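Quick notes on the structure that follows.
Note that the chains take the letters A, B, C, D, E and F in the order they are written out, and that residue 1 is the start of every chain.
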Amino acid sequence: MKRKNIFILGIALLMVLIPRAVWASEGASPESNAIAIDAVWTLLAAFLVMFMQPGFALVEAGFIRAKNAANIIMKNVMDFAAGSIVYFLIGFAIMFGIDKAGIIGLSGFGMSGTFEHLGLSFPIWVFLMFQTVFAATAATIVSGAVAERIKFGSYLIFSVLITAVIYPVVGHWIWGGGWLASLGMIDFAGSTVVHSVGGWAALVGAFLLGPRLGKYSKDGKAAAIPGHNITLAALGVFILWFGWFGFNCGSTVSGTSPDIGLIAVNTNIAAAAGAVGAMLYSWIKYRKPDVTFTLNGALAGLVGITAGCASVNPMGAIIIGLLAGVLVTVSVQFLDNKLRIDDPVGAISVHGVCGAFGTAMVGLLAVDGGLFYGGGASLLLTQIIGIAAVFVWVIVASFIVFGAIKAVMGLRVSEEEELGGLDINEHGMNAYADFMIKS
Amino acid sequence: MKKIEAVIRPGRFEELKVALKTQGVTGMTTYNVMGRGKQQEVKQYYRGQELQVDLFPKLKIEIGCPDEQVEKIVQLILEICKTGQIGDGKIFIYPLEEVIRISSGEKNLDAL
Amino acid sequence: MKRKNIFILGIALLMVLIPRAVWASEGASPESNAIAIDAVWTLLAAFLVMFMQPGFALVEAGFIRAKNAANIIMKNVMDFAAGSIVYFLIGFAIMFGIDKAGIIGLSGFGMSGTFEHLGLSFPIWVFLMFQTVFAATAATIVSGAVAERIKFGSYLIFSVLITAVIYPVVGHWIWGGGWLASLGMIDFAGSTVVHSVGGWAALVGAFLLGPRLGKYSKDGKAAAIPGHNITLAALGVFILWFGWFGFNCGSTVSGTSPDIGLIAVNTNIAAAAGAVGAMLYSWIKYRKPDVTFTLNGALAGLVGITAGCASVNPMGAIIIGLLAGVLVTVSVQFLDNKLRIDDPVGAISVHGVCGAFGTAMVGLLAVDGGLFYGGGASLLLTQIIGIAAVFVWVIVASFIVFGAIKAVMGLRVSEEEELGGLDINEHGMNAYADFMIKS
Amino acid sequence: MKRKNIFILGIALLMVLIPRAVWASEGASPESNAIAIDAVWTLLAAFLVMFMQPGFALVEAGFIRAKNAANIIMKNVMDFAAGSIVYFLIGFAIMFGIDKAGIIGLSGFGMSGTFEHLGLSFPIWVFLMFQTVFAATAATIVSGAVAERIKFGSYLIFSVLITAVIYPVVGHWIWGGGWLASLGMIDFAGSTVVHSVGGWAALVGAFLLGPRLGKYSKDGKAAAIPGHNITLAALGVFILWFGWFGFNCGSTVSGTSPDIGLIAVNTNIAAAAGAVGAMLYSWIKYRKPDVTFTLNGALAGLVGITAGCASVNPMGAIIIGLLAGVLVTVSVQFLDNKLRIDDPVGAISVHGVCGAFGTAMVGLLAVDGGLFYGGGASLLLTQIIGIAAVFVWVIVASFIVFGAIKAVMGLRVSEEEELGGLDINEHGMNAYADFMIKS
Amino acid sequence: MKKIEAVIRPGRFEELKVALKTQGVTGMTTYNVMGRGKQQEVKQYYRGQELQVDLFPKLKIEIGCPDEQVEKIVQLILEICKTGQIGDGKIFIYPLEEVIRISSGEKNLDAL
Amino acid sequence: MKKIEAVIRPGRFEELKVALKTQGVTGMTTYNVMGRGKQQEVKQYYRGQELQVDLFPKLKIEIGCPDEQVEKIVQLILEICKTGQIGDGKIFIYPLEEVIRISSGEKNLDAL
């Protein structure tokens, strides 16, 4: 067998099983290799992003009480499962179908028709895979904020609709050739597209649901409701940090891009700075370094750098991370004590607030076009327009969807169910059958 | 002296604790138990298999106190922990012969 | 340093440490790059598949009682450890050695001799790595079904023998140029080769061991024995889902293959559909969406799509997943209540039953050759022959091996040890020393 | 759009967001592709190595008591977070800056200036990313040995200094063109550079801190202090095993290297042999296969093979692994009973002792230059010199740093804090708020 | 009234619970304890260190009942929980002065 | 016979257990409880919210023993568990009417 014929290689024995034409049967070329590198990179990144799902699941589970752990797990499994199907059927078409007036895509439902207008070199499936895991990320953010009290069925319906419509519309605006893309908004890997969308939807959900029983005393003071497994929550954060390399670096959708190294460094160092920022702030403010804030801080740094990971330099990434780390703790306190919106895991602050913050910071710190680098205020302005537009759309759409669900079937479990826990009442089981659970 | 043992709904404990404190009762020992009185079994399914749940999570509170405080404490418990539904719990009262505070060696009423 | 000389690059400083000739010292060529892409892809996929080991470990641990958690963990560590060595020494030779009569390979024990007949472009080690983690997967499936009662030593011996002989024989038949490969059976990534083999061996093990104490009441009614940590079990499922991308997409053993994107999409959507199918079915049947069935359903979808992931389209994948999700819950019930075979984690249903199901579905849904696509019944027939042959071989071989172990040293721990837990009795410790365990 | 123009591809829609020049705008070439493959490989390996952080966190958390779980988690998060920043600012410059007398690098602080002397083909950021996660690994090893009693603040300071100075100096000697590199020392992926450095620093820390309260009875007998979550510890080991593929295979910093397959096989089989070795040894010695020793054994195998993974053959890897597995259990006992140094997780034995052992074994088993392969004793001698030099440097430096911290702010928490647990006393919370914790 | 406290092998509980129910005894409170009577220590190794296990997991059941039921319940426990081996457990009987059902305020025999 | 119930600092238990054994007292039942006497609340912050910690983890030991052993055991507990600080714990002594060893059916003093 000659070296040259690598495309008819593989394992001869397995060849029977490979039913389709290989890449370029006429032989390897620099072009076909470059396409392969891009495809391999994009897929591996997609796998990493998919792995963020258990990251979210663990953070959310760890930050809430043991009696609701199986329920939150179930929500996380199902938003990814249902989301994968619905994004395949509807979401992708809205996001990347042929553009209508810069507002929405409207071709390719069920992956039918052509996606030639995307100008992809590799098969559309590679791109679909990558976009599916992004869509699922947006959906999964919501579950944390509405945890411990939302009905399972109601949650599922919202989850399907955010993946089918609410998120893809924003995605179309910014990544699908829509009006914000035309304005030149920079949201490289989705601080706004993915995280703020999830965060603002979470805000609406948590607001409409109201706080958990016992969260506020009669005199309105917020109580601490400690999470049941900080070890697992931390594992979740590490998994997210790991998966985020796929999220940000993979957003080049190209392994031949020379930017991937810088993006990785920026991503990592912003997360690091976020953890440091939150830890120091909580240490000073509460006399002890707070573990859950530090964990939130790392995520805040990651969310913050997502928009600008390919536009800023590492110093910029450190600044974004540090500030996001502080911002997230301030924001959690603000929601808790001032707005009285009960978000058990800090999802609104981490994803909504820090997503918007990170997107805005690109306007200041982008090496190419940022205000601090002499690029003037125009990029900053564009960013702010984008942030505001997405905020308005998501809040309005979520109000309609959550509101309709509330009207039709109710959002919240009964008081008794909430006290007894969603695990036993919604799923007939306990997550930790063998352990004594403290009351 | 008596020992009051109350088995209550876990969700009621915080309020009870605060109320007891306002009455000057801080000494107490608590732990989780599983129990049942006349409360009905509940049928659950786990992996499709029927599961009779006939023990429910409760919180037990033990309070050692002088005889004359018993009534007040019992009243407080009834007030706060009563929803009127089966499953509210029960109070048991036992004779308590001697109490010793370990840190000082004080005994009985001085030790409470 | 010239751009061109990239092959003598790397980090100059590190070069001292690289003792061997680099890929093609005469310079990069499209061919050498394509080989490198294939090697990189195959290795990364192998790493992902290796990571499925903790996935299995967590699912199994989470679904059983706390008093046996360290024991199941230990079994999972050791079947991979012992399996890696024994597959290197024996298994690979039987599976990929030079064919004897379509039945068995018999050259290359201890990786000696040549493997030129495989026609691999990249070094044999890449392929060995990939195949090792597959072999370990087959072995590890068994531990779940025999959990909470099998002797540790007895389990280890079976585990070594399945990896050394039982699995490689099947592997040879279907992937190693054996008789089923010649018939044209399609089992792209191993619904049958890996999963059914594990599942049928699990069936024999669980049957010979008998049910756990307390599983059946005197009047023969099956009891529920709840798992001790659903959060970890769910993490295990997510890890498996993640690793499965390596399992299926990596089975191209080629990153230059244009199929990898479609395979990824099919894999993901079948898992999603499996979770949806199992959830809906359990919701309807038991009035509540069952968490552990949903988790099993996702795995069932993955097992089901494994055979046909490169042959069906995403719609086919959804169908396979949905049906597998329903099938797994029906099968678990059937084993539990009708056959009275006690499989604590559902391994027989997930891997054995859904593996066979998925393999058969290729005969219906393969775009190229499937009955529903006008390909006639011949592929379906071939698939069924393959399923049946593997079933017979594994059942017979497992009976012999498990039977011999039972005769010689016994399979099951004593009643007292079972009641007290395998952790304390087989390993002298508890998995959760600091926690109160409910009785 | 022509196939050829793959470099201006990507998704047309996303292009707006990609602010920088792509790899080689003039088109794909074999050279540019090879660079891309190397960059992709190195980055993916770096991500895997980063994922070792939760591996360490879980092993350490699982092996200690529940009352200190959040604290150890916090230390693991923070050493990676702080370490990433400080290595960016200082460590990388010391390790890979322009060499001074073979002792230290002194250029490129804050990644300023040029790193042309490294002769890298891909952007420096790729390399920085890879090196950052290695540096973090060295730091994180220490936390396990000093667990359950060191002050959080004191730990953090040491952690920053090991990443900024102690580790980079060794890195420079062996990987940065320093004097040991010149001698021809082989430490391919860092048995000595990373693991021994961490292990010896851990030794000093554990020694200066003294044993945990209750570890030794009045008559000097060591007590067992069981870990609180063996399931999570095992997950940690599996994660480390998984990440180690990135650690070792990625150390080629080249995906076009033909060695990556062999390195993967060696890594895997040494880990397997380590687990087997430790299990068998403990089974014979204590009549039961010890779970935590088996877990340590797998890690010992991995640490042991790290130096020689590209120099030995799989048989050599099995030997190294088996011996390391036995060695680690002997070493743990020796430290516990003879030296009375209390290392809750076995970090000193796993990383320090087995790191040195593995480095030495290269001198015997390297196919090219090893004593057993007729290469004479010179390589062995070099290896031993390297081991000794690193030992002396790390011990001395750690004594100075830990000693200074002890003198200035104290190393150890108060007796009362230790009894009550570091979680509540250092961070004001419990890791498992909902569970009854046994005393 | 009396309080019966039985410390038994956890594995025997399910059967006992069912048997008690057939006798009309449903009220009970249970929790996990670690205990020891004359049961021998067991030597274990953890990471090569000897570990004296001298407390064993048991289940404690508390039943408040009228005086006349005591004997029947004790008999039932002896019947079901006795294997004849050391470690079977122990039954303790205490005087119980008062019982109150929280949901209704009923007292003593009415509350049981 | 009496039942001695001691609620002590968990950290003191190992030593106490050994000391009791040297006195021939091995029978005991232990479990974890949360409790409070006059011990002061501690203020903690979790995610920036104030958290009043007013129940502390303690270990409860129950020992059934003949009347004449009570004093010896109480002395031992005082000796070993007393640090002199509030929070050391408390000892409660109750009347115990009957004890039965399940494995043999032996009663009272024979059963202890």
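Brief remarks on what is shown
What we mean here is this: contacts are C-beta pairs under 8 Å (C-beta built on N, C-alpha and C of every residue); 3 or more make two chains touch, one makes a residue touch a chain.
It should be emphasised that the depicted structure is a prediction, and the values quoted were computed from it without experimental measurement.
Chains touching both chain D and chain E: C, F. Listed candidates were C-E, B-C or A-B; the one reproducing the D-E interface, defined as more than half of contact pairs identical by residue number, is B-C.
In terms of C-beta pairs in contact, the better-connected of the chain pairs B-C and A-D is A-D. Once the centre of each chain is set as its mean CA position, chain A and chain F turn out to be 51 Å apart.
Once the centre of each chain is set as its mean CA position, chain C and chain D turn out to be 30 Å apart.
Measuring from the averaged C-alpha position of chain D to that of chain F gives a distance of 45 Å.
Within chain E, residues 31-32, 34, 45-46, 51, 94-95 each touch two or more of the remaining chains. Each of residues 30, 33, 37, 40, 44, 127, 226, 229, 232, 286, 288, 290, 292, 428-429, 432, 435-438 in chain C touches at least two other chains. Pairs of chains meeting the touch criterion are A-B, A-C, A-D, A-F, B-C, B-E, B-F, C-D, C-E, D-E, D-F, E-F. Considering their complex, residues 10-11, 13-14, 32, 44-46, 51, 57, 59 of chain F touch chain D. Against chain A, in their complex, chain F makes its touches with residues 34, 45-51. Of all residues in chain A, those touching chain F in their complex are 222-224, 226, 282, 285-288, 290, 292-293, 329, 332-333, 336, 346, 438.
Listed in rising order, the residues of chain D touching chain A in the complex are 1, 3-4, 6-7, 9-14, 16-23, 27-30, 32-33, 36-37, 39-40, 43-44, 46-47, 50-51, 53-54, 57-58, 61, 69-70, 73-74, 76-78, 80-85, 88, 110-111, 122-129, 132, 152, 229, 232, 426-436. Across the complex, chain E meets chain B through its residues 3, 17, 26-31, 64, 94-105, 111.
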